[in-house]
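Once you scroll down, you'll see the structures, which are given as structure tokens.
The same chain A turns up in both complexes below, where it pairs with chain B and then with chain C.
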Partner chain A sequence: MTKTRILAVLCAVVVVAIIISQLSGSQETSDRHDDPPKEVVHVSKQVEKSCMSCHAVDQNGKLARIEYVRKSPEGWSQTIARMERIHGVQLSAAEREQLVADLSRERGLAPEEAEKVQYWLADKPSYAEPLPQNPNVQSSCITCHAAGRFEAQRRSEEEWKNLKDFHLVMFPSIYLNHRHMDWPAEAEAALEYLAQMYPLQTPEWDKWKGRENDLQGKWKVAGFQGTKGFYLGESQFKKTESGYKEQKQIQFLKSKASVQLEGEIKLYGGFMVRADYKAAGRELKGTYNVQGQGNVIEGDWSEKSDSGLAGEETYYKLQTEKPEIIHFEPRALKKGATNQVTLYGMNLGKLKASDLHLPTGVTAEEIDVVADEQAQLRLTAADSADIGSFAIGTDRAVVHKELVVYDKVDYIKIAPAYGVARMGGEGPMNKVSTQFVAYGMSKGKDGKQGTDDDLTLDAVDAEWSLAAYPEGANSQYLQYLGTLEQDGLYTPKAEGINPAREYTQENVGSATVVAKAAVDGKVFSAQAHLVSTVPDYNNIVH
Partner chain B sequence: MKHVHSLNWKGKMIERVVNTEKPPEVEGLSLLPMGCANLFDPGWETDFSAMGLDGLCQPHYRDIYGCYGDCWWAAQVPDGLTNYGSWADECPVAANDWRKLKYVKP
Partner chain C sequence: MIKKALIGTYLIVAICFFLSFGEGHPVSGANSGYMERVFVSGYGEVTVVDPAKPEVVASIKVNGPVRDLSFTKDGKKALALANGRTSLYVIDTLGNKVIDEIKLTGRTDNGLLDRRVWGSAISPDGSKAYAFVTQGEKRTNIFKVLPSKILEIDLGTKEVVRSVEAPYGIHVLQWKPDDSNTVFVWGYDLYTLDVKEMKLSLLHGIKHPQKPEDGIGNYLLIWPRSHTGFNSFPLVKSYPDGRVTEGLLWFNLKTEELKTLEFDKDPVGMFSAAVDRNQQYGYVVLNHLYKVDMKTGKVLKDSHPPHGSTYAIDLSADETKLYLAGGGNEFIVANTELQVEKIITLPTDGWDLQVVKIDKQQ
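Moving on to the complex of A and B:
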């Protein structure tokens, strides 16, 4: 072998060695890449399947628009319906339901955020929401819809700003019906404010996301329906594939009437309880939130065929440790008198008067236990007792409502102060009734009526009537309005033109609601305003 | 009304219904059988006073397509411009066929 040949062979060996080392090196690298990549799911598999054909993943690795918004189940449900209506999304009922559940879980609200708009989510009848503080929001948003609609959302700054164009495209006549202002400019200012007030990231959501309550088990129920009064009951939740099944029995304290309800329950975002009830031919919907540590569920229900027939209700998880008072009446004690108070709750057999933190000047004489769920307590409020509203629970006994001590009833008040009823019942539009309740009121410590320290006492029986509005108007038209029963329930008449009424009018009108009540030997009178009006054709919360 | 006389049947009907000899009352205007004018801008549930309904169209079916067609009360009445183009297809005359008007869902 010549020197040249040896060199050539050596070179070839080196080249081959280099190639092999390169190959083995690249083998190592590709081995490292063979680790299964971490799977990124955008919200959920169902969201990817139904939404990603339009909503692309953006430069932040997020699903455009969807991942920059948080909403309630009701809000997501309306958004999904719009995608179906306008953008051609095709969904089965199960897929739609899955989307609402996934989005409410991953892009939902925190309990504190939902609680503030509970009135809107539950569509509470004749509820007057607080006026938003921002003047641009007042002029450009709530001229058409409730503030609850946007206060039940959290968005990134850009997503808030997108709402201006969204409105201009969806509802172009916004220019015309807001022609007394420069709507786009007003909206821009309003959205700037909303972006600050309701940002996408909040500490509440960071804390809550991913948590879930378990509703299974037995609960005690206490509720109030205007015109019918307080009721108590028991409930049991059992887990199913899609949520829970609930069995509930309630009994009204005044009439003793009992109602059995069967509910299909869905839990959104781990704490928002949405119920569909059936009760002796009636259908009801329930909108509740699980509170605190998961031991209390609080919310509202209404009849599906008349959303004005509604109530407020609270569930308390059954426990056997210590006395827990979920309701008592009367709730208000008069100074200088002895009051027989009936307590309702659980483990009341263990309750001692010393377990309660009674306000100064109020003494408990004796507790007469009727059953573990009911007890009688004689409370005396001395002439020198403090007046006000007092929390009376201690670490030995839980009390969920405050005790009111007052000196005298000064006036009565009607709730709601402004009732909106809607005619219906003949065609597809449902009637919306209004439940009026009269409460005894005390002026409180400052002795002035209408101030913050006024005390709301127990509901009083009243004599109800309708008077012409405005005062002095010919009251003939009242015959075309609905009926106001002696329990305070106003039921409007049917929709459609009333041939008996002049000028092809319908059964609409406004009136003054008058309540007269005798309390502590004195007769009081109060007024509220009623609008008995046209149906609401959009069957949504707006 | 001394020097003004109605020319058409509707005007004559109004003259029959409204006592023209009587000094006009404030409520007389609101009870005239007139249609809705955008000029008054009444709210959907109540009129501009927010307490009464006299400024509202009576019956409301007279104006419902005005609200629907040009999306005047988008939150209260389905809007025919964008979202619910076929809502009123089965109901050409709302005052007669109002039973066919349906809720929109959700």
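Moving on to the complex of A and C:
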């Protein structure tokens, strides 16, 4: 074959290939024309309507800034409030709510990410946040913020780094407040750390995004409120157009007082439950997360008029398959003694002592079933019993709390160890009370107080009092602080100057909280610190 | 003998006459060459007090809390920083009125230019203002920080004429007396601004001293002083061995000599300080009110302001009285033994006070 012929054949092959490809291409094009063009929605229609005029689609096809950040509903609410306050965004209440829902769903947190900052999302009173390990974060962020605020966010590296300029432009006095350090340089280092720790893309979010729990149905409830103790109850969620309606009845075990609550429930990001309750003229807010397979909801509630009146609460989805113990008391067994333990839960009629995995040295007698939700169990802890905290559930019976075995009560402690109460009620801010609780404590296996193996036993009744701080100071000023009731509830006074006090000071001050309790025939005493201070006005601005 | 007695009497009379018109004499006399006024930076106003009576003689309205006050050499014009640190108000101190407002915010090619002023000073002749600003660009959906600068503003045209980059931390600009070319720039450290060259130079390291073992100074100058010839303020020092002390820094505005002392008491937190021109006594205030021996640092008297925290203190023009204000809505006159003599109520809470001698001559 001559070169000319070879070239001719090659050209023919190329021409045929081009024709075929064009024909098939036009076929594809024709097919595409048959389908309606796929509409690209950036986060949601509401987000596009309210945000796109400033946050246009960027070169990556994403909404500038917005699609490089993930936040909790509370975090998005703060952001939207700032856009309204500073940048003139006009929103109706319904639009604002829709934005929070859409952003929490599309640019929210995964359950594992939210769980770590539940205390911040719930605004848990007098909560001692663990100090972030990074020294640059400590010096440049923690001086103003709770770590929960930024640990409840996920951002691209660039978005974390944008925070430096944001702070310097928005709050230029920041370098004056931090003049003991080089804030811009340390903030840069802190943001590099946060970008590594809290990246935009995480396996948890990839796994969770798009999923949603269904809360409908009946639930058992167990909760604890400091100063009032444990309570149990039942709840039912019914779906509505905007979320759920909840009916809840609870009863405190100690006082037998009952409370009926009606709640408007929103479910954000498929698992973050936010409740607005009404209960006999009181209003409460609930901040919960659905856990695991969707059969447990855990979280916190507080009174809207006093966020210091608060409790921890867990819901357990009602089931009929096997015994499930949601609460028992006493929770702590003393070695060498027999205890009558009351079990609370569901399907307890089916429970056998052998269904429980009791620790070595602890034996159970037969169970006395009071009702399907309550049973009595005599447990004896031998002198030789292991001490510690033990999970006692098995595949035949679910037990949600651990059983503690101890040898003796060695001391008592007060929680919170550092209480912060805030005056309020006269202006725009409400009071924040502090609920102090005294717990029996055992030194644990090592016999040393204050180590990790110390065992927290049940709450104990105590006599409560306030003492001057620091020790030896004139206690006259205590008259200007609030009141500490005999159930451990400290209630601050209203804010504003007090003409009766020197320098017309407000009714602020620090004090030592003292609890005295008789346990097992011995009298113990413990101290905690109380700061009764001014309202947290910052929270109504930011 | 008679002649000697006459000469002696004449000399005594002459000395008395001279003293009566000197700077050390109380200024309420009609023959003094200046009128003493105290300008209190209030909320929404500059409050003018005649301290001799004492009484409020004028309220000069501005927007927001007043953060800075500076005066021309003759005291007839003032510059007030207010309006969220975004506006400079030029004030006629004889007429007690605002005669101009300079807004320093503006636009860039990319968005809004956000400028906040953290220290300002009017030139001795009243023709220019100098302002340290932090700057940011507010773009459509993002903030970008721009370099902080000292701006030179022509008060006639209200235009920024020149500028020089300046480090974070600056909080007070202060003219060197009888030197129209030098501005002291108080930041973490002390700089001078050569106005002719618009050049900033380090004069004294305070946060960054040459020898850290001399103590690292930490202060935020909000209450500058000048009329006794010294700027003075409380200074917290920390040492490499962990010690933290509280004392005074005073700076001779003419010789540029900077000195510090440490109180013989544990730190309590103080805001402002005044030093007499003989450098004999210092007076310091916040929750405590100290009279301090300037040679030893010994706190000679430890008192308290009458009604709680008080931010600002200065000596009267003749240095016979102490004036206190700020932190509340009071103007307090005390003697130099810290005994309160008079208290008047001001229209608003205050921040600082500035004692000014206004030249009576037209």
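In this section, the second predicted complex is superposed on the first by the 503 of 542 C-alpha atoms of A that agree within 3 Å, B and C clash if a C-alpha of one lies under 4 Å from a C-alpha of the other, contacts with A are read in each partner's own complex, and residues count from 1 in each chain.
One rule holds for everything that comes next: contacts are C-beta pairs under 8 Å (C-beta built on N, C-alpha and C of every residue); 3 or more make two chains touch, one makes a residue touch a chain.
These numbers were taken from a predicted model, which means no experiment stands behind them.
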- Query: Sharing chain A, do chain B and chain C clash or fit in the superposition?
  - Reply: clash
- Message: One more residue to check, A:M170. First (chain B), second (chain C), both or neither?
- Response: both
- Query: So, A:A64: does it touch chain B (first), chain C (second), both, or neither?
  - Reply: second
- Name the contact category of A:A279: first (chain B only), second (chain C only), both, or neither. neither
- Message: Quick check for you: in the superposed arrangement, does A:H55 touch first (chain B), second (chain C), both or neither?
- Response: second
- Message: Going by the contact rule set out at the top, does A:T504 touch chain B (first), chain C (second), both, or neither?
- Response: both
- Using the touch definition from the top, say if A:T533 reaches chain B (first), chain C (second), both or neither. first
- Query: Who does A:N162 touch here: chain B (first), chain C (second), both, or neither?
  - Reply: second
- Message: Applying the document's definition of touching, compare chain B and chain C: which contacts more of chain A?
- Response: B
- Query: So, A:H145: does it touch chain B (first), chain C (second), both, or neither?
  - Reply: first
- Thinking only about the overlay and not a real complex, which stretch of chain C clashes with chain B: 131-139, 185-193, 275-283 or 329-337? 329-337
- Query: Touching chain B and also chain C: which chain A residues?
  - Reply: 169-170, 172-173, 176, 503-505
- Task: Would you mind writing out the residues of chain C in touch with chain A in their complex?
- Result: 114, 116, 118, 134, 136-138, 140-145, 168-169, 171, 188, 207, 218, 220, 307-309
- Query: Can you list the residues on chain B that touch chain A in the complex?
  - Reply: 17, 27, 31-33, 41, 44-46, 51-53, 56, 58-61, 64, 70-79, 81-84, 95, 98-106
- In the complex, chain A residues that touch chain B: 74, 77-78, 81-82, 85-86, 144-145, 169-174, 176-177, 420, 426-429, 469-470, 473-474, 495-497, 502-506, 508-510, 529, 531, 533-534, 536-540, 542
- In the complex, chain A touches chain C at residues 54-56, 64-65, 162, 164-166, 168-170, 172-173, 175-176, 179-180, 183-184, 503-505
